[in-house]
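These are the structures, in C-alpha cells.
Both complexes shown next keep chain A, but they swap its partner, so chain B is in the first and chain C is in the second.
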Partner chain A sequence: MTEADSPTWRVPPRWVLLVAVLSIVAAEVGGGSMARFKVELTRWARDGMLARPAVHGLVGVRDVDERILDEALFKFDAGLRLFHMHAEGMGLVIIATSMVAATVIPSGAARRTIIALLTTGGAGYPVGYLVWSALIPSFGLERAKTIAEWLVWVPFGSATIVALWWLAGLLAWAMISRRRARPAA
Partner chain B sequence: MSGTVRRPPLAVVLVAIVMLALGETAGAAMSRFKPEIQRYAATRVAANPGAHGFSGSAEYDDEVRDRAIFTAEAGLSFFHLHGEGVGLVLFFASALVAAIVPGRRARTLLYLLLGLGGLFPLGYLVYGAAVLELGRDAGIDLAEHWILTPLGVSAIAGLIGVWLAAARRRP
Partner chain C sequence: MSLVPTILTALVVTATTIAPASAHHVGAYVPKDNAVTTNFKQVKFSVQASKFDVALRLFEAGPLRAEMRAHAATLPAGLEDGTRAALTAGDGPEVERRLMIFFAALVRDLALEADHQLARPDSTAETRVDTGRKFLEAIWRYYNLVDFAVATRDNKASVAVRLAFDEAETYVKPATGGAAPADPAGLRKPLQRIAQVLSTLIDASSTTPRRNS
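Take a look at the complex of A and B:
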C-alpha cells in the first residue's frame, strides 16, 4: 500500500505551515492597521500624490484635482483591503492544498515542486496588492498597477494556478489508478 | 497525545481542489482579459435583443446593455470569490467529517451533501452566461432557482450535519 492509498492525512513541511500562518498574521495586522491608521495612511498617500502632480495629471484646479485624488485614494484603500482579504484566504489555501499534496502525491520531486509553487505563489500573490497601493502615490494608478502586475501578480498568481491544476490532475490520476488496481487486488 | 487523522475520499478532495483552481483561474482571467470579456458580453447581448427587451431607443438600449454586462461580470466575480471560499469550506468540513463522524453511512451522506454544495460556485458561471443569453431577470432567476438554491441548500444541510455530529460526539 503506497502513501497515496493511506486514508489518513500527512502534514506538509513545517516551513510551509509557518509561511501560511505568517500570511494570515500579516493579513490580520494589515486589516487592523487599515482601521487604526486610516487617517495617517490616507494623509501619506495624499501628500505623496500632491508632491507629484504631473504623475497624477493634477492641473491645479481644485474641482478637477479633488476628483482625481479621490479616485486614486479609493484605489489605494482598495489595494490595502484586497491585501487583507487575499492574504487571509491564501494562507488557508496554502494549508489545505499543501496538505493534499503531501498526502496524495507519491513522487517526491513532484510533491516538493507543487508544495513549493503553492506556498510561494500563495504567499507572494497578496503582497502584490500592498505593492500596488504603496506605488500609487509615486507612479500613478496605471503605472503602479502594471508594475505590481508583472512583478508580483503574474509570476506568483501563475505559480499558484499551475500548481493547483497540476495537483488536481494528479489527484484525478490517483483516483483512476486506485479504481483500476481494485479488481486485481 | 497526537494521532493519525482520517482524510475524506479523494473524490471529495478533488472537488475542493478543482473549485479552488477554477476560482483562481477565474480571478486571473477577470483581471487579464477584462476588455475581451466585456466585448464578448456585449456581443452576446446584441445577439439576443428580444431577451433583453431592446426598444430601439439607443439611450434605453445602452442602459440595458450596460446593466446586463455589469451583471455578467458580477457573476464571474462571485464565481471567483465563492470558488475560493466554498473550496476551502468543502475541504475543511469534509476533513472534519472524516475525523469525527463515526458511522460509514452518515459519513457518506455528509460527503454527498457537502460535495454537491461544493459545486455551488458553478451556479455563478451559469448566472453570468444566462444573463447574457436569456436577459438579466430571466438569467438570474434560472441560476438561482435551478442551481444556486438546491446546491446552497445541500451545503447548508451538510454543514448542519457536521455541526450535529460534533455536538453529539462523546469526548
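Take a look at the complex of A and C:
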C-alpha cells in the first residue's frame, strides 16, 4: 500500500460544514419547539382546518369530521417530527458525503458541483416536511403534499440523488482505473 | 487493503442514495377510537366482568351518557334512565340491549344525514363519493360495536345492514381494472335501507325488554 493509494480525508469547505451544522441546529430547535408548543401548534392547525371546511371535506357531522380532523392533525404532527428527523440526519449526511467528495474527486469543477448539490439538496429536503405541515391547515392533506413535493422534495431530493449517484459513479470509475493501472503480480 | 477505504466510501454513498429515493413517507394514520366508542368499550368490559359499580361510574361520568343526552330527541324515551337503572340492578343483558339501541340510533342518524347530503344537487360526483366514504367509515365504526348484539336479537336485521353496507362500499371504492366508476347516486339506496332496517330494529327492541332467543 502506497501513500498515493490511501488518500487522507479532506475537510469539506467551511460553508458546507456551516450549512450542515445549521441544519442540525434547526432540527433540534424544531424538535424542542414541537414539544414546548404542542398544544398551541395543534390548536392553530385545528382552527385553520375548521375555518376551511370545504378544503378538508368536513361534512358538519361531528362523528364524521372528528376522524378527518384527527387524521389531519396526526399528519401535521408527523410532518414536524419528520422535519426534525430528516434535518438531523441530512446534516450528518452532508458532512459525510461532502467529505468523501472533497477527498476522492480530483476534478475541481466536478467536486465543487457535487458538494454544492449535496449541501443544498441535503439542507433543503427536510424543509419540505415543515412546508407540508404548515400548508395542511390551508390546503388540506393531499394538496399540501403536492405543493411540498414540487416546491421542495422533488428539486432538493433530486439534487441529492443526482449528486450521490454522480459521486458513486466517479468512485467506481476511480476504482476501475486504479485496478487497470496496477501491474499484474 | 488499499481498496478498503474506497469500498467503504462507495457503500456509504450507495446507502445514503437509497434514503432519498424511497422518501416522501409521511406517516401512516391508524384511526383511533373516539371518546364515545372508548367509553362504550369500558362500560361493556366492566359489565362482562360483572363490575357493575365500575360500569355505572364510567357511564355516569363518561361521554356515552353525554352523547345519549345530546341525541335524546331522536332516541327512544327513557333510554338513558333505563341504562342507568340496568347498571344499578346489575342486569347485563338489559345494559347490552339499551347500548345496542343507542348505537343503532346513531348509525341510523348518520345514514339519514349521509342520504340527505348525497341528495344535494350542487355536489359533484367526486364530492359525493368522498362524502359517502367518510359517512360509511363513521357508520361502520359505530355499527361494528353492536353488530353481535344485533345479530343475537335479530339476525335478519344484522344481515340486511351488512349487505347494505357492502353494497354502499362498492360505490365509494375506486374502480379497478379499467372499469368505469360506479354512479355515486346509487349510494343513497343502501344508506336508506340501513336507516330503515335500523329504525325497525330500534322500534322492535325498544318495546321488547328481553331477548326473545
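Basically, the second predicted complex is superposed on the first by the 177 of 185 C-alpha atoms of A that agree within 3 Å, B and C clash if a C-alpha of one lies under 4 Å from a C-alpha of the other, contacts with A are read in each partner's own complex, and residues count from 1 in each chain.
As a working rule, a residue touches a chain if its C-beta (ideal position, glycine included) is under 8 Å from a C-beta of that chain, and two chains touch if they have at least 3 such contacts.
Values in this document were obtained by computation on a predicted structure and should not be read as measured data.
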Return first, second, both or neither, reflecting whether A:R52 touches chain B, chain C, both chains, or no partner chain.
-> neither
Considering only the touch criterion stated at the top, classify A:T8 as touching first (chain B), second (chain C), both, or neither.
-> first
Counting only touches as set out at the top, which of chain B and chain C does A:K75 meet: first, second, both, neither?
-> second
First (chain B), second (chain C), both or neither: which does A:R143 touch?
-> neither
Contacts of A:T160 with chain B and chain C, given as first, second, both or neither | both
Could you tell me if A:V93 is touching chain B, chain C, both of them or neither one (first, second, both, neither)?
-> both
Applying the touch criterion given at the start, work out whether A:K38 contacts chain B, chain C, both or neither, answering first, second, both or neither.
-> neither
Of chain C and chain B, partner touching more chain A residues | C
For A:A168, select first, second, both or neither according to whether it touches chain B, chain C, the two together, or no partner.
-> both
Intersection of the chain A residues that touch chain B with those that touch chain C | 7, 89, 93, 96-97, 100, 104, 149, 153, 157, 160-161, 164-165, 167-168, 171-172, 174-175, 178
Chain A partner contacts - residues on chain B that touch it in the complex | 4-7, 10-11, 13-14, 16-18, 20-21, 24-25, 27-28, 31, 84-85, 87-88, 91-92, 95, 98
Spell out the residues on chain C that touch chain A in their complex, using ranges where they run on.
-> 1-3, 5-7, 9-10, 12-14, 16-17, 19-21, 23-27, 29, 31-32, 34, 106, 110, 113, 117, 127, 130-131, 134-135, 137-138, 141-142
Touch list for chain A against partner chain B, complex = 7-9, 89, 92-93, 96-97, 100, 103-104, 149, 153, 157-158, 160-161, 164-165, 167-168, 171-172, 174-175, 178
Which residues, counting only chain A, touch chain C once they are in their complex?
-> 1-2, 5-7, 57, 59, 61, 63-64, 66-68, 70-71, 74-75, 78-79, 81-82, 89, 93, 96-97, 100, 104, 121, 125, 129, 132, 145, 149, 153, 157, 160-161, 164-165, 167-168, 171-172, 174-175, 178
